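Going by the order they are written in, the chains are A, B, C, D and E; count residues from 1 in each one.
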Amino acid sequence: MTNVLEVDAVDVAYGKVQALTGVSLTVGEGEVVSLLGNNGAGKSTTVSTISGLVRPQQGTVTAFGRDITRATPWSIVEQGLIHVPEGRRIFSRLTVHENLLLGGYTIKDNSLIESRVREVYDLLPRLADRRAQQGGTLSGGEQQMLAIGRAMIAGPRLIMLDEPTMGLAPLVVAQVMETIAAINSAGASVLLIEQNARAALKVAHRGYVLDSGRVTLTGTAAELARDPQVVEAYLGK
Amino acid sequence: MTDPSLPRDPAGTQLPPEESSAYVRAVETKQPANVAPAGTGLTPAAKGHGPTSASRVVSSPWFAVAIVVLAIALPFIDSGAYTLRIATDALIFVMLAVGLNVVVGYCGLLDLGYAAFFAIGAYTAGLLSTTFGWPIIATIPAVVVMAVVGGLVIGAPTLRLRSDYLAIVTLGFGEIIRITANNLDITGGPNGLFGIPDFGDFGYRSDVTIYWFTAVVVSLAVIASSRLGRGRLGRAWRFVREDEDAAEAMGIHTYKVKFAAYVTGAIFGGLAGVLFAVHQTAISPPSFNFLWSALILMAVVLGGMGSTPGVVVGALVISLLPELLRGAENWRYLVFGVLLIVVMIFRPQGIWPHTPSEPASAARREPDPQPEVTA
Amino acid sequence: MDYVLQLILNGLFVGTFYALVALGYSMVYGIIKLLNFAHGDIYMLGGFVGFTLLTVGSGALAGGGGIIALVVVMALAMVATGLVGLVLERVAYRPLRSAPRLSVLITAVGASFALEYGVAVGYGPNPRAYPVTVGGGAVHLLGARITYAQLVMMAIAVILMFGLDTLVRRTRSGRAMRAISQDPRACLLMGVNVDQVISRTFFIGSALAGAAGVMAGAYYGKIDFLMGFIIGLKAFTAAVIGGIGNIRGAVLGAIVLGLLESFGTAWLGSQWRDVFAFAFLILFLTVRPTGLLGERVTERV
Amino acid sequence: GGGLKEGSSSNDSGEDAKGDIKLGMLTPLSGSSAAIGPYMKNGAQLAVDEINAAGGVDGRKLALTVEDEACDPKTAAAGAAKLVTAGINVSVGGYCSSATLPTLSIFGKADIPMLIPAANSADLLKSKLKNVFLVNGTGIQQSQAASDFIKSKGSKAVALLDDNTSYSKDITTRTADNLKNAGVAVANKQSVTAGESDYSGAVTAVMRAKADFVYWTGYYQEGGLLIKQLRSAGYKGDIMVADGAVDKKLVEIAGQANAQGTYATMTQTPATIPGGDAWIAKYKKAFGSDPGPYSPQAYDAVRIAAEAVKEAKGSTKGEDLITALEGIDGFQIFSGKLKFTPEHTLSEGGFDILVVKGDDFALNS
Amino acid sequence: MNAVLECRDLAVAFGGVRAVDGLSFDVHEGEVLSVIGPNGAGKTSAFNCITGFYKPTSGSVSFRGADITGGRPANIAAAGIARTFQNLRLFGDLTVLDNVRAGMHVRLRQNAFDAILRTPRYRRSEQVATDESHRWLDFVGVRSDRTTQVRNLPYGEQRRVEIARALAREPQMLLLDEPAAGLNHGEKEELLALLRRISDLGTAVVLIEHDMGLVMEVSQRIVVISYGKAIAEGTPAQIRTDPAVIEAYLGAEDAEARSEAEQIAAEQAEELRAHENRARSSAQEEGR
C-alpha cells in the first residue's frame, strides 16, 4: 500500500507555545486513520499544518509523493487534499447551495460541480431542504453536515475531518460515520479527528494518539481499542 | 525563518508561525459575523503580560503627579508664544483623543463625527461669552448640558446601528453641526464667533494662564478617562465591544452602556471645545470639519485603541507632527501621510497598545482547595 | 412639472458619478471591510492620469475625434489607477490584515494624504483645465434638459453596475469575494487564493474610480488635487444608504443621494443641501438600519 | 522667551533696532487654497527685493518670513505665534478671514501691526483693534461697486451666488442689501459648496428664477465650472464675478466661448493701470510665472510697511508704526493713493469693472 | 414542586422555518432538566426565546411568576436567568477574571464617579469582584492562569470559564447549551461532577445535550423536542424507553441506521448503569 500522506518529524510552535514536537504519521491509500488526543493535544494543529494554514519549524509533509511543506493552502486543495476545519466554518451569509458551490472552487468543470452537489443533496437530504437558506442560520448539526458536504464537492483524494460529530445527535453521528465510510469506500483516504473515540475506532483502520504535541501511541484500530491507556482516557472502560 | 517584515506584537514575542497568506493571520482571531469596529488583534496567545503594564503605570497616582508637574513646569522651561501655543493645542487634542477613546477604544463605537461635540462646546462657550457676556467659567455647565443633549439627540436613535452605519450617521451629524453653524447668523456664519474672552486676569500673560488652565483640566481628564476604563462601567464598555450578545446575556443593558460611552465622549469633546474657544479667541466652522474628526480618530488608533497612554502619545504625534513639518508646505501632508502608513505597518496595534491585564492585587491570594460558595 | 423633471434628471446624473465611485468603494468594503478613504483620491488620480495622457498625446490625437481619444485614454487611465490600487493594497493594507480593523483606516487616510499631496507636489496646487471636453447637444424631455454626454455616462454606469453585479453574484470569483468577506481562513481551505482575489477586487474598484475621474475631467472640464475628497465622502454615504457591500445597493444609494441633493437644493437652498441629505440619511437608517438593500440577517446566537 | 508676567511680550522690538526689519506673512501653502500662497508670497518677496536693492529702509534691510496658514484657524494661530516668537515687526499676511480672525489677538498682544492684503471681512474690524489695517478693498466697497454696476445694467432679476465662506458670503449679503435699497429684485441667493464639480442644482435654481444677471463671489475654480454649466444649461444673461475669481484660469476652466463677456469687480491691479505691464514683466522675470490673485496687494503691503518704518523715523515699535500708518497720506499703491480711514480700511479702494476678452480679463470700457 | 419557569405554546419562525412551534414545558425549582432532540429541532431557538434573544411570535414565558415574554436579554438576565452559548461566546480579548466579572456586573454596587475618584466603595466593590471571580473559577475548576486573555486557554478550560461567568450572576436558573460538545470522556466526567455541584447550590439547571450518557446520568427530568414541539417528557427511565423518542431522536426510517442507533443507545444505557452503580457506591462510601 502506498502512502498518500506522510508527516515526518514535524515541530510547530505558536510563539512560545510548542504545539507539536516531532510528530510523524502516515495515511495509506484507501485508509481511514484516526487521530485521538485530549483537548489541546495538538490534533487540530497537525491537520492545519498539513493543509498549509500553519507552517512547521521543522519536518516535512509529503502528499501523493510531493513535498507540500511550503505549499500554499490553495495549491494543496488543488491536489485533492481537503481539510474540514474544527468549528465548521460555514460561510454564514452565503446560502447552503452557494456554500456547496464554493467547495468546488478549484474545479473548472461546472457540470462536474453540479453533479457532485446533487450527490451531496441525495446523501444529506436535510441540506436539500434548506438549499436557499443562509448558512449561518442553520442549526449546529445542519452546519456540520454542510461542512462535510462542502468538502465532498472538491472530490477529495484525502479528506481530513476535524471533530466532525461535535454537537450532533446520536443518529446523525451514526450517519456521519456512515458517510465517512462511504467516502472512503468511494476511494478517498480519511484522516479523522474525533473526541468520540468509540465511533472513530469503529470506522478507522489505524489510529494515533497524541499527547502534549507528541505521538505517544499508534496501532490498528483494534489494538488501540484494547489498549488499557486508550480505554481509560478515551473510551471510558 | 521568521520574516522580519511581519508585524510583531507589542510584548516583543513572536507571532504564530509564518503563514502563507497575510489573511490567515488576520482571520484567526476574528469573528466575521459580529464585526466590532474595534476589531481584535493578532493571535494573542503569544502575548506576554508582565505585571508592569503600561496602563497601570499611567493610572498610578505618581504618574499623574508627574504629568501635572511636567505640564505646569513647561512655561518655566520655554515660555515662547509659539511653544505655548502648540503645547496648548496639543493638550486640547489630547483631551479630544481621550474622550473619543472612550467611545471608540473602550466601547468600540466608530464615531466619524466627533468634532461635532467639540463644536458644540466651542460654540456654546463662545456664544454665551461674547453675545451674552457670561464669564467663560460660567459657560462650562451649559456646555456640559449642551454636549449631553447633543449626545442624546444623535445617540438615541442611532446607537442600535451596527458599526459602519453608525460611522456614517456620526459623520453626517458632524457635517450637520458644522454646516448649521456656517449657515446661522447667531453663530456668526462662516466667520464664526470672535473676541472670546479668556479665563481672567491672574497677573500672568494670558497665554500662560490659558496654558496652565488647559494643562490642569486635560491632566484631570486623562486620569478620569483612564480610571473610567477600569471600573464596572469601563468593563461593561469592553464587554460590549467584544460581544454584544454575550454582554446582554450577562445582564448588561448594551444600549445604555453605549449611550454612557457616547455621552461621556460628548462631555469630553464639549469641554475640549471650551478650551479651544478660549485659546483661539475666534472659532469658525472650518475648525470642526470632517478632517478634524478623522484626525482625532487617527490619534486614538495610532496611539493604540483603549490604551490611555497610547492615546495620549497618539494625540501628541498627530497634533505636533504636522506642526513640525510646517516648513514643508505641500510636502507636509505628503510626508505626514507616508509616515502614518509606515508607523502603522511597524506597529499595527498602535504605538502603545492596550494589553489586557490584571492589577497585581487580582492575583489569587490563596487557592481554595474546597470551594465554598453561597448562592 | 418640467422643473421637477429637471430636478430628477439633475439628481440622476449627479448620482451617476457618485455611483461610479461608490461601486468600487462598496466592492472593496464588501471584501475586506475596509473603509477605503483613499478611494476618492484614486478617482482624482484617474483625472490627472487622463489629463497627462491627453496633454502629452494631444499632438497625436489632434486630428482624431476627441471621443475616440477619450475612450483610449480612459482605458489607459483605468489600467494605471487599477495598478495604483494594487500597489496601495500591497503596501498599505495587506501588511495590516491581522491588525485591528481601524488600523487600516489610518493607513487609508495616510494613503489619501499621500496621493493628494503627491499630486499637489507633482502638478502644483492649481486646478487644471481638461484638454478635451465633451459637450454636444442636448435632448429636451417635457421641458427638462439633458445632454447626450450625460445620457452616455448614465448608460455606462448602469452597464458597469450590471456587469459587476453579475460578477459578484453569479461567478466563481464573485462567490469567493463574498466568502472572503465572511471567513477568509475557511476560503483558503476551499482552495481560494485569497490574496489574489483581494488584489483583483482592488484592481477593479480602482479602475472604475479611475474611469470616473477621466469622465469627470472631460465632462466638467476641471480637475484639482482635492477633487476626490468630497466625492469620496459622498460615495461612502451612498454605499451606506444602499447597504454597504452591496453592488446594486451602491448604485441605488448613489442615485437616492443624488436625488436628495437635487431636491434639497431646490427646497432649502444649496447651503442646506447636505444638512437635508444627512438628516434624511440618519432618519432613514433609524427605520432601516441596514440600508436599502443591505442584508437583514437575524444574527444567530 | 520672555517672562511669564503680563506685559512681558516676547516681541521687544526696541532691542534689535539695528538689525533687519522683520516682516511676517501668513498665507495658505497647503490645503484647499494652497494655490494662492505662492502668489502672495512672491508678490511680497518682489517688494522686499526691490526695497533691499534700493538700499533698504534707513540702511536696514527687510527680511520676510512666510508661514503656512492652510486656511485653517488653528494652523494660522500657531503660525502667528511662530512669527511672534521669531520677532517680526509687521505682519503682511492674512488670506482666509476665518483663519485670520484668531491671529488678531496674537499679533495684537505682541503689539505687531497687521497689514492684511487679502482677507477683507468686515468682522476683522469689528473688534476695533488698532493694529489691524486692511490693504485690500473691503466687501463693503466691492459690493457697492457690484450693485452700482448691476443697477446700471438695468437688470430685473439678479442671482447672487457665494461659496459659503465668509469672504464670499459677506459680499453677496451686502450686495443683496444694496440692491434691495436700489429697488433691484434679487431673484435668487444661494451658497454652494466649494470643492465640488456639479453645480446643476444651483444652475437649475437660477434658471427657474429667470435671473438675467448672475454675480458669483467665490473663487475661480468653482466660478469657471459655474459659468460653463450656466451657459450649457442655456443661460443667456450677464455673469459677473468678484475679485477672488479674477484669474486666467477661470476662462480656461469655463472655456473661452462660455467666459466671453463675463464681468468682474476688481480693485485696481497692475493689469488694469497704466504702466502695470512693467510690473508684471518684473514679476515674471523673478518667478517665472504670471502674478496671480493678491500678488499686487501683498506687494503693496510690504511697501506700506517699509513706508511706515520710514515715517516712524526708523522705529519698529508697534505704536509708532501704527501712528505712522494712520498718518500716511498719498502714498501710491496699485489701488490708488493710500490713506487709511478711521476704521483702518482703504479710503480709495476704487473697484474697477473688468470683462473677459479673449483668454483674460481686461478693463471694461 | 414549584415551577421557576413556565413556557407556554412558544413559537418562533424565520421565513418559512418554524424553529419553535408551540413548545410548552416547565422547569422546577432546583432540578436538572435536560432538553434533547434532533439537530435543528429548535432547542437553541427555545433558549433564545426564553432569554430574549429571539422574540417569540406567540406564546409566553414566565419566570418566578413574572411574565418575561419578549423582554430584553439584559433584563431577563438581571431577573436571574443565566446562560451559556452553543458556540463559545467569551470576551476573547479580555482576561479570564474580567470575563467572570462580567457575570457579576448587575450585582456590583459602584458608579462611574466612584471609579473616577477611587472611592473606598469602589475599592471594596472591586475587591469583592476579584475575590468572587476567583471563587467561581475555583468552583468550576479552572486551573489555568487567570490573568491572561481567555482566548489563550485550552478549549475545555474556556467552556468552564463560560460556566463560571454564568454562575457569577448567581442565577436562579442556568441554561447550558451543549456544554459537553468537544470534550473527551474524562472531561465529561468532570463536567458531570460540576453539574452536580451546581445543582447542589439550589440552582435550576436546564441542559441541552446530545450526549445521552451525560443526560441520563445527571437529569431529574428530560424534555424531548422535535420540530419545535415537546414530544415527550419524563424521567430518564421513561424517556429511554419511549417509542416516540426513539422514533424522533434515535431514528426509525432506515433499518440500518436504526440498528446503529439502538446500538449506541444501548451502549449509552450500559454506560449509564455503570455510572449509577458507581454513584451509588460512592454515596454509600460517603454515608459511612
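Here is the rule we go by: a residue touches a chain if its C-beta (ideal position, glycine included) is under 8 Å from a C-beta of that chain, and two chains touch if they have at least 3 such contacts.
Computed from a predicted structure; not experimentally measured.
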| item | value |
| --- | --- |
| Chain hops separating chain E from chain D, counting only touching neighbours | 2 |
| Chain pair showing more contacts of the two, B-D and A-C | B-D |
| Cα-centroid distance, chain C relative to chain D, in whole angstrom | 37 |
| Gap in Å, rounded to a whole number, between the CA centres of chain C and chain B | 31 |
| Centre-to-centre distance between chain B and chain A (centres being mean Cα positions), rounded to whole Å | 46 |
| Residue numbers of chain B (touch at least two other chains) | 21, 24, 29, 32-33, 40-41, 43, 45, 47, 182-183, 245, 330, 332-333 |
| Sites on chain C at which at least two other chains make contact | 117, 120, 125, 182-183, 185, 188, 271, 274, 298-301 |
| Per-residue overlap in chain A, given as positions that touch at least 2 other chains | 52-53, 72-73, 92, 136-137 |
| Of all residues in chain E, those that touch chain B in their complex | 51-53, 72-75, 77-78, 82-83, 85, 89-95, 97-98, 101-103, 105-106, 108, 110-112, 114-116, 118, 122, 125-127, 130-131, 134-136, 138-139, 146-149, 151-152, 165, 169-170, 201-203 |
| Chain B residues touching chain D - in the complex, by the definition given at the top | 75-76, 78-86, 89, 182-183, 188-192, 194-195, 201, 203-208, 279-287, 322-323, 326, 329-330, 332-333 |
| Residue numbers on chain C that touch chain D, as the complex places them | 3, 6-7, 10, 13-14, 17, 117, 120, 124-127, 129, 133, 135, 138, 145, 147, 216, 220-222, 224, 226-227, 229-231, 261-262, 265-266, 269-271, 273-274 |
| Complex contact set, residues of chain C against chain B | 29, 33, 35, 37, 91-92, 94-107, 109-118, 120-121, 125, 180-185, 188, 194-195, 198, 233, 236-237, 240, 244, 271-272, 274-275, 278-279, 281-283, 285-286, 289-291, 299-301 |
| Contact footprint of chain E on chain A as seen in their complex | 38-40, 87, 126, 133, 137-142, 144, 163, 166-175, 178, 195, 197-198, 233-237 |
